[in-house]
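Both of the next two complexes hold chain A, though its partner changes from chain B to chain C.
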Partner chain A sequence: MTNSTLSDRRGIRLGYRANLVGLSALGVIFLWVVVALFAPHMIPHSVGEIVDTDYFGPMSRDLWFGSDYLGRDIFSRILMGARYTLGISLAAVSIACFAGVALGMTAAVAGGWLDTLLSRFLDALNSIPSKLFGLVVVAAVGSSIPALIGTLAVIYIPGAYRFARALSVNVNTMDFMVVARIRGERLPYLIASEILPNILGPVLADLGLRFVFIVLLLSGLSFLGLGVQPPYADWGALVRENIGGLPFGAPAVILPSLAIASLTISVNLLIDNLPTRIRDRSVE
Partner chain B sequence: MTRNLVEIRNLKVEATTDSGRQIEIIKDVSLDIAEGEIVALIGESGSGKTTIAMTLLGYARQGCRITGGEVRVDGIDMVSLSESERSHLRGTTVAYVPQSAAAAFNPAITIMDQVIEVARIHGLMTAGEARAKAISLFRGLSLPEPETIGSRYPHQVSGGQLQRLAAAMALIGQPKIIIFDEPTTALDVTTQVEVLRAFKAVTTQHQIAGVYVSHDLAVVAQIADGIVVLRNGEIQEAGSTSKILEDARHPYTRELLAAFRPKAQERPPESEEATKQALLLVNELTVGYGSRAGSGEPLVSAVKSMSLRLDRGRNLGIIGESGCGKSTLARAIAGILPTHAGDIMFNGLELGRAGRSRTRDELRQIQIVFQHADTALNPAKSVEDILGRPLTFYHGMKGKARDARIGELLDLVRLPKSIRHRRPGELSGGQKQRVNFARALAAEPTLILCDEITSALDTVVAAAVIQLLKDLQRELGLSYIFISHDLSVVQAICDEIIVMHRGQKVEEIAPARLKAPEHPYSRLLFSSVPKLDPAWLDTLHQDAEQVRTYCHN
Partner chain C sequence: MRKQVSSLVIRRLLIALITLVIVSFAVFFATALLPGDTATILLGQSATPEAIEGLRNAMHLNDPAILRFLRWIGGLFRGDFGTSYANNVPIADLIRGRFANTMKLAGLTAAVSVPLALTLGITAAIWRGTLYDRFVTVATIGIISVPEFMIATLAVLLFAVYLRWLPALSLTNEIKSFHDLLRVYAMPVVTLTFGVSAQMIRMTRAAVVETLNTPYVEMALLKGASRSRLVLKHALPNALGPIVNSVALSLSYLLGGVIIVETIFNYPGIAKLMVDAVSTRDLPLIQTCAMIFCVGYLFLITAADIIAVLSNPRLR
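Presenting the complex of A and B:
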């Protein structure tokens, strides 16, 4: 691992060690979060304003990332798109993982008919193809941001549930669970205090993975025209709009793709390189 | 005297911790093993005994490095060899018998294929020859049905058999030296006798030298010619078996020997005056596992019509081999397993069949302490949280009062207060078991069920834990039910002992009569406990008929 000596020493003092890859991934994510929060104050041009007479314009001093298929500033559109991509995905992944993990732990601890019922129901949900499910929901209730968040969350709950349940079942067989049960503890304590701390690492890794899936699915839905509606656009929608620029090598199609890649790869790298607790602290 | 087969000179092994610090775990160790000689490495966990044994294979565990010295096996220095050269010698010159054969065998491959694998890898003989050799080894290790046992899968044979099969696997390459890494620690005493006999017979027959890693002096006394006592990666004392046993010089060796001779329970006479008051009465208890058929009978009854009585302030020991139902009995008393028939009276009141139907106060009064502190303590929580929860849960303690009580509990079990922020993974085995016990004490129970709590500990540490239990009993007026397969532990602390076999009570013994148990099974069990006398195994005569009746090894 690449450890800078500075962060190494500081890490030891805190009892944790972070490595360079993890830190730089965190930096990229932090950058996008800042962009998402302050985008309206950062954009040089309005997202709907046509500022270039040419379409698929190249990078220039005025239009940093060139212009899109209507001659709008792509830099501004990417900054604003970060709000949608990040916000919708984050909300959806939080709901999916919270619900899935809570249900999974409950099913593992309670067992019996509750477990069977939940597992079969979520398996059934899982068997519906995700894109198709999205299409049906959008066709039924129309495309709005809450509907998008809800749809994405429901699509990813069964996976989070299965994952958490499999982990919890293993923890559930340990003696400390027997001790807690025989102490007379109730379900909320058992799942929150005894199981959750033991499965947190893998659950976070799963959350990161699921975040990436949701970003990609959202981009996919937007690509089909079912996602965020014009004139606003998330990164996936930007790629779709400007796909015609691909033969010209227009920055309008390449840069949104890079934005998606930078975010998803960073999330994965961060989760693979989370700071580890140092057990040997008798140093110094 | 022939030349030495193994010569270890100034061996140093270092480990790197996760903060990058270097620790010397083996400090300048030198030892010799002559041809055909068996040397025992003895010491507590963390003393480096397995690490030294592994260097004979040229192997150091992950994160460890051999940093100095040489390990000459049959004239070749294992340290300076390349990995591929070492693998040529492994299995043919040096072989290894692991502690847990159950974990070392691949459950998906037949035993025979695994045993002859060494011969196949090194191209020593044809498959047919290897099979014939394996069968003769099976016979030599007195395994049942030597012709056909090889075609079974590992889960189809017993633990003792698997351990001998692991030895057969090690022997097939005709090594000059075998490393036995605590091969009998996980076995029952009666099985251990069989396994030790088999090991002794084959090593003598094939003139094989051996390194026997163990923390049990009595076992070592039976099989080893010489003993090396280790502590903190240094040799404390080395010498012939008889010399170490009779004339130990080093204080640590003496401590080890003393721990092996437990003092019998000494009761102050005052307990006689106290009127006998039954704390726990178990009447015709039947507990089982499996789905209940229409009749309501459990599929497998682990405990059948068991009755027992425990008086307040007294201790009851329950001994028996693995699978005899002793843990099931404890779990039923604690309410973990619902009982099928019979009743449990506690303090004159009948307890519910399962923990769910008992009141919080009834649950608080009976606490159970499990064998493996590793799994009984939540690895993700600090000692403070682990001990604090029963305080909050049963006694509603918060804030300062809770903090103070945690401090007191740590004091009670003789642990430093500084460990309260640590997690179980950062504690030693003995410390973990103390925390485990402190959690039970936090509930302020009247009865503590101790399920094999010293089995996973080293002799010296176990003796200290037993002493602690005795002290606490005096201070807090507790009663214990002590479940163990180790007779010496039970003898040290219990007023009464129940011998269990196949779910039933075989005999009830008071320590006064302990010297002469009457039931043949009790006699067999007691006679199988190894003694420090090196001639014990050779002079031990057990009725083969009885062994067959009562043991399933």
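Presenting the complex of A and C:
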């Protein structure tokens, strides 16, 4: 039943007027996803190989984006960095939104003390600044990649919870919910088949926004040297290791940050240009 | 009616207090998760088991976690923040000067960004839909979507590398004149201002646009009030509550921003201290710094909520 409503909706969505800004943003995101998937086959030089005798070399025909502080090819390193930035953020945002939305719907449908307790607790977690939260947890559990994914997910669960709960509370007052309750449906059914299809659009848009937050936080942590650790490097770590090139205006410092910006701005633009009926359809 | 307001405010303060307790719990136990035994770390690998056991007892490390938590909280209330593991200095001494530095940076940023953001936000709302409004909106979205360190590196590149107007590092002990002050603080303040203002402009614009859409503003328009009168006399007084609310919320963004900005400009503030403490795994220092930040953040968001309640004329 869920499947059929979903595919119906998707059919309608294709009928929306395409927006040029939204489409180009989608194009950039798609490009980075392809890069992240196929980076090992696309890089012109190995990421560890020193190919330039000079460090912080300029852009040239052979080294498109110049070389880094050891003379490695920065173009290849950015392509490979996409895997870490996109992969870790995507994993974290999926966990955060899955957990947050599931808890939010449960709290809204169950109500009572469960709702109060969950809301109080998660609101409290929400009032720790995210970067600080990241610092404290990374200090405690270290910065291996699974630990990073877990940390980022935990930091953004409260936000996803709050958003999903607010939407679900609205849906919960609808007549079809009363009918379903009278039919004797249980909590898992109510959540999966009655609430979820009605909040899916806004929840997906929210997932996109949260993805941007996570990319920014991950890059920030890596920039501070507390995120992805060598020999691996995401885009934030690339900026950090090449920060010494700043006085020379080396492309090795600027281009990784531009890569982050291109991804985050694209996601924001895509969400801003989604048809409003997908984005804001809280109750239909 | 007045009773209702005070009960709402008291309720909000109570919630803040409960939140603070949960937050301090979270901070304490997150740091208690740290693998490795503190006593072993302090004494080094070659210490005898007896020495480690002795130190563990002296530091109350063998007590249950909840006891250590209560002792820690009690210490915070008495102003006893404990001793730094890394260099055995009382944390209060480490923090004093740096706290003042961070507050200076935050205060200067607020002094620059609040007037700037309010002007841009309100004017963008008045001339909504024009090219100017579009430009402001796109610029703020752009700034919000990029990491702070990118704004900082671009600022260094522009002002210190290409234009050579400003130094790239902050050395606060070399301030001798107003000119020096300007040079030292300019970069960090500019970087922070970008981030804080972008948030504030967006929220201010939204608040004013919402007020301008109300029927009584339309009424004022129909009766022939001039545009400036419309905005200044009719819309702005009612948008004031939401605007002040958004100012307080945006300032809480400062707390995240200073972490990056103090590190990149090597500014001797609390956030830099904390980042260093994380790399040396100096637990008591991390806990204290984290609590300072959380209290600051909680204070700002609670203030924002209370202002929102107080500014609602229906409750007054």
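Keep this in mind: the second predicted complex is superposed on the first by the 255 of 284 C-alpha atoms of A that agree within 3 Å, B and C clash if a C-alpha of one lies under 4 Å from a C-alpha of the other, contacts with A are read in each partner's own complex, and residues count from 1 in each chain.
In this section, a contact is a pair of C-beta atoms (placed from the backbone, for glycine too) under 8 Å apart; a residue touches a chain by one contact, two chains touch by 3 or more.
Since the model is a prediction, treat every value here as computed from it, not as a measurement.
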Does chain B (first) or chain C (second) touch A:236, or do both, or does neither?
second
Quick one: classify A:174 as touching chain B (first), chain C (second), both or neither.
first
Residue contacts with chain A in the superposition, chain B compared against chain C
C
On the A-aligned overlay, A:136 touches which partner chain: chain B = first, chain C = second, or both, or neither?
second
Between chain B (first) and chain C (second), which, if any, makes contact with A:185: first, second, both or neither?
first
When the two structures are overlaid on chain A, which partner does A:194 contact: first (chain B), second (chain C), both, or neither?
first
Footprint overlap on chain A, where chain B in one structure and chain C in the other make contact
none
Where on chain A does chain C make contact in their complex?
120-121, 123-125, 127-132, 135-142, 212, 216, 219-220, 223-226, 236, 239, 243, 246-249, 253-254, 257, 260-261, 264-265, 267-269, 272
Give every residue of chain A touching chain B within the complex, in rising order.
12, 17, 174-176, 178-185, 193-194, 197-198, 200, 276, 278-283
Per the touch rule above, chain B residues touching chain A in the complex are 17-19, 21, 334-336, 355, 360, 363, 368, 370, 372, 375-381, 389-390, 393-394, 425-426, 439, 443
In the complex with chain A, residue positions of chain C that touch it
18-19, 22-23, 26-27, 30-35, 141-142, 144-150, 153-154, 156-157, 160-162, 168, 252, 255-256, 259-260, 263-264, 274-275, 277-279, 281, 283, 286, 290, 293-294, 297-298, 301
